[in-house]
Structures are given as C-alpha cells and as structure tokens.
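Letters A, B, C and D mark the chains as written, and numbering starts fresh at 1 in each.
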Amino acid sequence: MTDPIAAAFIDNPAFIPYLAAGDPGPFDEPPSADDAVAQTSAYIDALVAGGADIVELGLPHSEPIADGPTIQQASVRALEAGMTPDRFFELVDDLPADLPIVAMTYYNMVYRYGGSPGVDEFIEAAAAAGVDGIIVPDLPVEESDPLCAAARDAGVHIIFIAAPTTTDERLAAVMQRCSGYLYVQARLGTTGSQTDVSDQTRSSLGRVRSFETNFERDPLPKAVGFGVSSGEQAADIVAAGADGVIVGSALIDEITGAGTDRARAERQLEALATELAAGTERGAARRQSGPERT
Amino acid sequence: MTDPIAAAFIDNPAFIPYLAAGDPGPFDEPPSADDAVAQTSAYIDALVAGGADIVELGLPHSEPIADGPTIQQASVRALEAGMTPDRFFELVDDLPADLPIVAMTYYNMVYRYGGSPGVDEFIEAAAAAGVDGIIVPDLPVEESDPLCAAARDAGVHIIFIAAPTTTDERLAAVMQRCSGYLYVQARLGTTGSQTDVSDQTRSSLGRVRSFETNFERDPLPKAVGFGVSSGEQAADIVAAGADGVIVGSALIDEITGAGTDRARAERQLEALATELAAGTERGAARRQSGPERT
Amino acid sequence: MSSDGMFGEFGGQFVPEALMPAIEELTDAYDRYVQENEAGFMDDLQSHLRSFGGRPTPIQRADQLSERYGCEVYLKREDLVHGGAHKLNNALGQVLLAQYMDKERIIAETGAGQHGTATTMSCAHLGMPCEIYMGRHDVNRQRPNVFRMRLNGATVNPVDIGRGTLKEAISETMRDWARTVETTHYVIGSVVGPHPYPAMVRDFQSVIGREAKRQLREEIGELPDAVVACAGGGSNAMGSFAPFVEESSVDLHAVEAGGSDLSIDGDTGIAPNSATLSIGTRGVLHGSHTKILQDEDGQIMESHSVSAGLDYAGVGPELAALVESGRLTAATVDDDTALEAFHRLSQTEGIIPALETAHAFGYLEAHGEALGDTVLVTVSGRGDKDLETVIEESHRRELDVGFDLSVFDAEVQ
Amino acid sequence: MSSDGMFGEFGGQFVPEALMPAIEELTDAYDRYVQENEAGFMDDLQSHLRSFGGRPTPIQRADQLSERYGCEVYLKREDLVHGGAHKLNNALGQVLLAQYMDKERIIAETGAGQHGTATTMSCAHLGMPCEIYMGRHDVNRQRPNVFRMRLNGATVNPVDIGRGTLKEAISETMRDWARTVETTHYVIGSVVGPHPYPAMVRDFQSVIGREAKRQLREEIGELPDAVVACAGGGSNAMGSFAPFVEESSVDLHAVEAGGSDLSIDGDTGIAPNSATLSIGTRGVLHGSHTKILQDEDGQIMESHSVSAGLDYAGVGPELAALVESGRLTAATVDDDTALEAFHRLSQTEGIIPALETAHAFGYLEAHGEALGDTVLVTVSGRGDKDLETVIEESHRRELDVGFDLSVFDAEVQ
C-alpha cells in the first residue's frame, strides 16, 4: 500500500483545502457537537466533490497564535459547539479511508491529550483514527524530536513549515525532519486570504529545490499556503513550481459568508474548491509547457 | 469732649453688638448697594433701640479667616450687594454722631485703601467718617506699629484681641498698644455663637487684671466676645468681671433666620439686643453684690 | 531673610492673635530643629526622605529637548518622589517636625491635591491623624487625589465657599487651626503664609536645588546658565532656586500660570490667570505681605489656571522680593501653551508631567534658545492626576496634539 | 538555566517557524549585549535606568508592619520607578536592546497597562515608534494607563477576542509579530514566552534583588530570612528572587492571585483565579513549556483576578521549575484579602500599592509571623491605576476597610 499522502502528489499537483473541524459556520445558538461534526463531514464532502486531494483538518485550540482572524473565528465557533480531540478523532475515523487527512493543531493539544503530559497518546489516537500527517505550527524543529520519533513509529507524517524568514541553516534542520510534504509559507503573517501571492513563493521554492540538490535529499512535495484565495493564484503558484496548493481562510470565508444557510455554504464551498482545483491543474499545464521551472 | 468709647463704659458695662456692614440679610437677587446700606442703618437703629452702647461694624473682606460661617456668609452677602470701603465710610458718616462705632476689618482692606499701599489713607478716611476704633483681627502686635502710629495721630483707637492662647509676654505687648478697650476672646476658634462660655473667660480676665496691677497700667475696659449668644451668658460674663460683652454671630443668626422678611429681622434683632443688654445689666448687679470680683 | 521673617519688605506674620503663640512655637522649633539640626532632626528627615520618599531624585539630560532648543536641557526629576511631586519634601518635613513638637493632629489645605496627598502619605507613614481641606471645585477636578487621601485614612473636608479652590481651602484650614491650635499643626503646602512658613518650606524644598547643583557638578562639572521652575505658591521654584541665588552667573526663571488672559476684571472679581508675580500688586494674604491678585478695594480675586496647583491668588514673599530686586525673572505661560507642552514632554521624553510642571516647559518652548548653554528645569510632578483634565481640555480647545481616544469608542463585547 | 533555554523541564521555544529566526537573532543579541555587555550595552542601560528610571530605588523598613508582625519588614520600593512599577526595568532594557539590534518598531501586549506604559515611556524616551495590544476588558478597567500610553504617542489596539484580557492580547501581539518580524521587536512584559525572554526579562529585573541585597547588607549587615513577591507572569518575583536563589538560608515566596475561588471549572473554561503555580498543570502556552491553567483537553482557561496584572493563565517557566524543585514556595491570596491588604498598606504605611502588589501584603498578613526575623517584600508598583477598581470592589464586597467616599456626595455649589 503506497502512502496516501505521497499518492496524492503523484500524477498532478495536489489541491489541499483546510477546514476547522467542528465549525458548523455562523450560528445564533451553538448546535450540538454531533451536528457540528456532521456539518464538517458535509463540508468535506463538498471539498472532495470539488476536487480535494488531501484535506487538512484543524483541531481547534483556544490560543491559535499562528492563525489569522478567519480561522480564529472558526476555531471559536467550533469550541463553542463542543469540539474536543476525541470528537476530532471520531470525525476522522468516519471519513472515507482513502481520503488523505492531515491534522493541524497547536502543541499543547498534542502534549495534553489523554490525561498525562507527552506526545505518545495523541500520536496513537491519530494513527488509529486514520490521520496521515500532522502539522503543529507552534512546534519548531528544535522542540520536535519527541513528536517526530513517536510519529515515525506510528507511521504518521510530521509536516513542517518553511517560512520566508527561514534561514538556510534552519531549512536544513526542517528538511531533515519533515515528511509527507513541506508546507511552504507564501508570505509573512498569519493565515488569511490575500490577493497577492508574492515573489517570495517563487524564491522560497527555489531555495528548497537547491537545498534538495545540494544535499542530495529525496525531493519532498512542496505545498504552498498562506493567503491563497483564487484559482488564478493557485495556477500561478503551481506554475512557479509548487507541488500543491493549500487553501484555508478563503474557504472558511465562503462558509462564513453564507450565514446560517448551510446548504448554500456547501454549494459555495464546492464551487470555490472546483475553481481552485482547476487552477491547480492549469498551473501544472503551464509549467509543463513553459520555461518557468528553471 | 470725652472719648465716646471710654464714655460707653463709664456707668455700666457696655453691650457691643456686631454687624457686617452692607449685609441686607438673605436674598434671591442682591439688592442695590444703596438699599443694602440703608438696611444696615435700619438694623443699627434696632440695636440701638435694644440698648447697644457701641456698635462694631464689619467692613467685609473676601477672606475672613478669623470669622466663622455665620459672619462669613454675611460678608459674602454684603460683597454681593456691592459693599465697598467708601460706602462703608459713608454709612458711618450718616449714623448719629453720638453712637460709638468700631470698624472691624482685615489688614489688606486697611493696607490697600485709597490706591497706594499703606495705612494712612484708611485711618484718615475712618477718622473723617467718625469711626472711633478699629479692630484688625489678622494684625498681631508685631505688625501693628505703623497702624497704631497713624491711628494715634488721628485720634482713633486700635483695639487688640487677647486670646486664650496669648502668653503673658504677648499680653504685655498687646496691652502696651491697645486702646479703647481690650477685646477678650472667650474661647479658641473663630467667631460664631456657642452655648457654653467657658471658664477661660474668667481666667483670661483674671490674667489681664493681674497684668494691669503688676505693671501699673491704667486699666482698659475689657469686653468679652466670641460665642456669646444669650442674655444669661452676657450676665455671667459681666458677673465674671467683664466691662463689656460683644455679640456678633447670634445677632446675624436672627437676620438670617428671618429669611427675606426684613421687618421681622429688625424686630428679632431688637428683641435679642434687648435681652443681651438686660443680661449685661443683670451681670453688673450680681457683680456689685457678690464676691465674684475677687 | 532677616530674623523677623522679612524678605525685603515682603513676608511677616499677619495672623490672628490666637494663632500667634503657635506661630512662635513653630518659629522656635524651626530655628532649633531645622536650622540647628537639634536632636538630629534633619538627619532623621533625610533618612525618611531617602527610604520613604525616594530621594535623591536623578537629574536627566533631556535628549530630544536638548536637540530641539540647541542647548543642554537637564531635568530635575521631582516627579519621581513618592506621591508624584516635590510636595513630599515639605510635607514629610513638617509632619515629622510636628511629631518632634509633640503635636497630635495634622491639618492641611490642598489645591491640586498634591500637597494633600503628600501630607496624608506622610501622616500615614508617621502615624499621625490628619484632616485635609479642599475646595469643592478642586475635589471634583482632582478626584484621584481625593481617593488617595481617603485611602491613606485621612478625612477630606470639601469647602463649599466661593469658587471652591485653594484660596477658600486655606481660609478654612486657618479656621480649623484657630480652634485647635494647641494640639494641631497646620502643614502649609508652599512658601506662603506667615513666617516661619515661607523660610521653612523653602528650606525643606531646597533639597531640590542642592541635589541638582551637586549632580550637575558631577555630570558636567559646572553650574547651569539658567534654572526654570513653575510657580504657584512657589515652593518648587524656591526649592530649586535657593541654592543658586548666590551664584550670580545663574539666571532664575519662575513661570506662572497665564491662564486664558493676563487682564483682570475688578468688577467680577475674577482674574483669568494666576500670574501673581507678573501682574499682582502688594498686599496681605493668608498671613504674609506679598504680591497678590486683588481689586482696587483689596478684595482677593478668584484666580484661574487649567492647572489646579497653580490656581492661587498669592505667591511666596521671598519670590516677590527676588522679583522686586531683579534677581529673578517672572514670566507667564497660558493654558494652551501649557497643554501643548504637556503633550510634547509626554511624547518626546516619555515623561508625563503635572500640568503645573508643563508651564515650565511651555516657557522653554518660547525661550529655550535664549536661556544659555545649560538649562536646568524642575519637573515638579507627574501628570497622572491630570489625565482627565488634559484630555477634556485638549479636545475642548481643539489643540493639534495628535491625540485622540477612539480606542475607547467600541464597547466591551 | 541551561544554554538551550530550559529550566529543568520547563522553558523552550514553541513558536511558529516564521518567528524562529527573530528569536535566534534575539538570543544572539541577548548573549552578546546583555550577558557579555558588548558595546557597553549594560552600562548604557544602567545609565538610562538611573537618570530616566529613578534607580536605585530605596529599601524601606516598614515600621508599622514590623510591629504588627513582630519581625523586620523591609520594602523594596519598585513603586518609585518611573511609571510606577518594576515593569520599566525590563521595558527600557528591551527597547534599548531593540535599538542596538537596529529594529525600527516596537510592539507589546499589556494587561494592567503597566508593562504597556513602561514600554511606551521607554519608546518615547528613546524615540521608537510603538504599538500596544490590550484586551478590551483591560482597556476599560485600566483607563488611566490607556491615556498614558496614548499621551506617549503610542497606538493602542484593543483586542476584542475572548474575555479580552492579557492572554488574548499576547496572542494578538504574536500575530502582529508574525507579519512584521523583520523590522519589529516584541517587548514581552514578564518572564514568559519562548527563550530567551524568560532569562532576559529575569536578568533585566534582577536589578531589584541585586540592589535590595546590597542595601540590606549596608543597612542591617545580613541576608533576609525570606523574600516575598507577587507573581503574575512572575517578573518582579524572579527579579527579586534571582540574586537570592543561591543563598540557601533565604526562603522565597511567590504569591499568586487566588481570585474568588481556587477551584476551576473545565466545562465553562473559566478559572476564578490566576493561581498557575499553585494549581496549574504542565503545558505549553505562548512559546514556553510551563505551568498553566487549562482544561483536560489542553484548552487554556480564562483566568481571573481583581488585579489585571496578575490575571494570566500562565507563569514563567523558571518559577515553575523552582517550585517543582522545592526551592520556591508558591502561595495564593484571594481578591478580598488582597483588597484588605491594599487598604492596610495605604493607611498604615502611606504607600498605596498596586493591586498586584497588595497580594504580597495579603500573604504577609496571613503568614508574617512565621516568615523569619527579616522579611523583604517587593512593592512591585503603585496603585494609582487601581483607584477606581479598588473603590468599586471594596464597596461591592462591603469590605470593612473604614473607607467611604461621602466627600463626593454633595454637588458643586
């Protein structure tokens, strides 16, 4: 059995949407936790229908310091609706087995899971539920050895982020530990949709590639996120050499924008996913025909 | 011509009421200065009808630090009604020539009168208007030489206050300068009616008398004030050896108590003056018959 | 000062006879304890000033102002004294002296509330009962200081007479004293009142100038060309100037509150300023012969300043004498200029001054370049007590101070 | 601390990768400038702390408290530092360091507003642009401090998330930093956050304990038996303790806010206290592994204290380690006891403490007689910022503190 994440990148660049698990969308009174989780499943269905290759699912934390206002609000809604780590793992367990799932959460959620401090219980539960990879945005390489070790044993990827500020030295450390794919942060700041995808994307990708060349490391798929919101941007990013495009806030904006009309939210989500997936494809086509890869 | 103040003490102890000149009594809108002055004249008439031997007239100052709330309020009313030093002297000038008048005011009023700093102009104007004596409660003996000299030249008495706290040494200095009568302060504090006339009165008078004996000074009439409010107190004070009784706040309380009914104020003023004058007489009778003078 | 408490023709003791014995007792105590250091009084005071009061206060070179005016501007940081103003130097001295004199109770008046809080803090520190008189108007415009006095366990008596500011509070305190003089010491808050107060308060406050002189010598090795201080009653000014009066190379500048206007209206009895040294005339107020704001009859005017602590119709007799003799320059700074200076110091030096103090910096803005190479300015106090006033007044006057408070516009979620 | 920023198992650097290069740069600057005094940085800082900050602050024997508890109570008077709290020691250090690092802009979070004002004052003093994040709830309960920050020319950004207190403000500041990290230094206000902050802030604050140790040696010739300080994030506590940690005869007591109750309610996510050291559990918050108030899932609780500056769900990792090792005693004092202590110090010593500080004195009231012969208590700040809160809360709780405000009842005439 090939690794589901690796598989998602094989033929085509991957379109990777993000959702905050358990966020039902805006509400007057919070729904039951079961309803909120069911709604997340419905949203995931919409994303898959739109062409999602991998889904990143946020396990909400009370202090989402790496997230911008959109995801922060989604986390608040999810927590108010009763989201917990156990419900998160149930949700993942109930998803189609062939859909690659990456869990994104903060380190304290990992560390505290299961009652006694440490990373093992979280990794076990994640692996058991079918989580394929984990991103912990507040866990830099320096602090990541225990988590990486447990994850390796359990066959779960730990995905790291390379930022525009990451030095070559740090990039080496990141690349040494990262598995699944490398999350290339397109610009400085927190998550949140933006209209410009800066030149930093291109140069970041270049840096990673030359690193791979110099250190003769097996190339890792490179997915670009932070601020991607349109099919056109997705196309540009892939054309610039990315192996995948990660979109979060722009999708949650669709859910938020639909107010309490969930059916509409699902439709809009599918529509934007379709556009983004198509953009990803377009970008791949441009890349094969053009000189952009140099 | 004998000195009008000395004359007032000759046969009987003197009853000496105090009024704030130009205080018309309580008002909604301040009356004209002329009306306020005329009202003071009417009050003086009532006091004289009641048996006043000398009248102390306050020339109101904005900072009456030695006065209690009653006289302070009267001063405020007088100033609001337009009282000025010149109106004060006009008022005195218009009073019956044979009524002894003592002006009571603060030093700055004396010092600033007439445009250039100094005491001469005030003394001249006072003498011309028929003021017989002047009390300046914030002028201790140390600062009084210029005023005493000018007053001596103009034939005006400068009356000093002896307080319960006055030391023997200070008493000597006071007695050396004081003329007309000695104002014996019955108790500590500012002016204002009180029900108890303390033993301090008796001991103060005793101290002054023994001073006169020891230093062979011509005896000066001793008038007691601060807190006297009833005929009975007046009688006690005179029986204790005083040559006069000074009453201010209790009389002004009558004016204030009558509200805006001036006729009633005049009637009440005359009634209280009559009671106080009678008390003074009664005290004199007790003194002649009893052992209290020792 | 001559031994009779006169500064030239100014000074004296114009108080009711009942108080004179207490004044004599105080003069005696002043001579012995303060001037002669009897029983080690001054050493004791210095130790309290150090551990409780936070002395010595530093001098600080004001980097941005120095550049702005092209001269070396040094600040004497009395805002760092416990309680937030120079007022403690004197209050602590007097309360301790009252203890040496076996007094049982303290009374004081206050305008801005700085002298009041300095006194109540000193009383709490030394365990003395304390009552403070404060005009009703000042009670309302200096609420934080009223809170602080109450927190120190003192009684605060609002004075409802007249305009309800410092002048009325002083008169009322004198009345209390007249009743209670045998057991009570009256802590006067500035270099005003009858002798020995002007001299005694100056001596207690001279620590400002003495320290600054020594610190400047250590730091730059020379005397300043000018010393600038704001003056209400004048205690921080006299305290700053006193050790420099004999140094003829040092110019002394007392900055008074120009209020809204330097004219005065005898008819209404209101002076829209507190510029006693500059436009006042000779007279007797609150126990001493000095310069005062008065009408032609000798009635005291209601003074005005945006800063409560300068809002007083009198001034210390020694300052009047120094101005008269030409040794001291008196100047005025109006409300608007003071407010602007308040904002300037807050923004450029990170020191939020008292509104009183801001007047000295308003003067610096107008004359900074002409005062010499080295200028010492006394920061008499900090501005925490003035925050509400400054915000209100800055908005009302539409001052261009780059300051708005839209941060408060949204409500709590 | 080991070189990797760990205190035993506590500490570390849990921040997004994007910030890590800045953290490395800061660590390098900390090592060179602070620890090695490169370019004379520490001398420069000391000179600013002296002339601008008012250091050294005195120690004061608290006469009335010493009698009350039958031991020698010494106060370290950080309330006299410019701005009114120990916070300047650190803020000035970091802003100056940012200047040495050629940063162009300062951001900071603040709870009580004391760290915020310390930072804006330092920025005004050193001429650095500055933005402050502050929870909306804190903006409203600490208005005077918001005024002061605005007066210093800083932008104040209210944070409308969650309960709107310090925790939310910190998260928001981290977000700003994630955007602007290349040009901006984030001045963290306590011994919390990722390495090097806990060590660096401790070093900047250690001036408290260093001075006190020297001053006690001069004054009584010996070490204290106990050092007591309140702890929110723990900077005044670590600053007070650090120079005594190696002195095994000296007991160390950190006093946390007990709030209204020491229980916590996982369902509502609310802890009615801020007693992190006492009842918190291990976790990672705001960049470091320490003790925190959290529910069983690892979600951070909303803490509570009547004092805004202690109202934080985390605590410095070094304090967590010292408690873990038994070197430090952690204790709690509840809201009522702190309020009573606030009034007690105001009335008996003439020092109006910050509500944070009052917790240390609440502890002294409960344990004063058992702490030894000589006790050093750090007065971390003054209470001017807390006046309104104290008055409101004292009345609401009907505390018997002999305090009423009927002085305000009558209206202006």
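Miscellaneous remarks
We adopt the following convention: a residue touches a chain if its C-beta (ideal position, glycine included) is under 8 Å from a C-beta of that chain, and two chains touch if they have at least 3 such contacts.
Everything numeric in this text was worked out from a predicted model, so none of it was measured.
Among the other chains, B has the CA centre that is most remote from the centre of chain D.
Between the CA-based centres of chain A and chain D the separation comes to 38 Å, rounded to the whole angstrom.
Chain B and chain D have Cα centroids separated by 65 Å. Between chain A and chain B the centroid-to-centroid distance comes to 97 Å (mean Cα coordinates, whole Å).
In chain B, no residue reaches two or more other chains under the touch definition. Chain contact topology: the protein chains form an open path, each linked only to its neighbours in the line. Looking at which chains touch one another, you get A-D, B-C, C-D. Residue ranges of chain C in contact with chain D, taken from their complex: 50-52, 54, 57-61, 64, 77, 79-80, 82, 84, 120-127, 136-137, 139-140, 143-144, 146-148, 150-153, 156-158, 160, 164, 343, 346-352, 383-384, 387, 390-391, 402-405, 407-408, 410, 412-413.
Here chain D touches chain A in the complex through residues 4, 12-22, 24, 161-162, 167, 171, 174-175, 178-182, 269, 281-287, 292, 294, 296-300, going by the rule given at the top.
Residues 61-68, 72, 76, 79, 84-85, 106-113, 115, 117, 137-143, 160-167, 170, 174, 185, 188-190 of chain B are the ones touching chain C in the complex.
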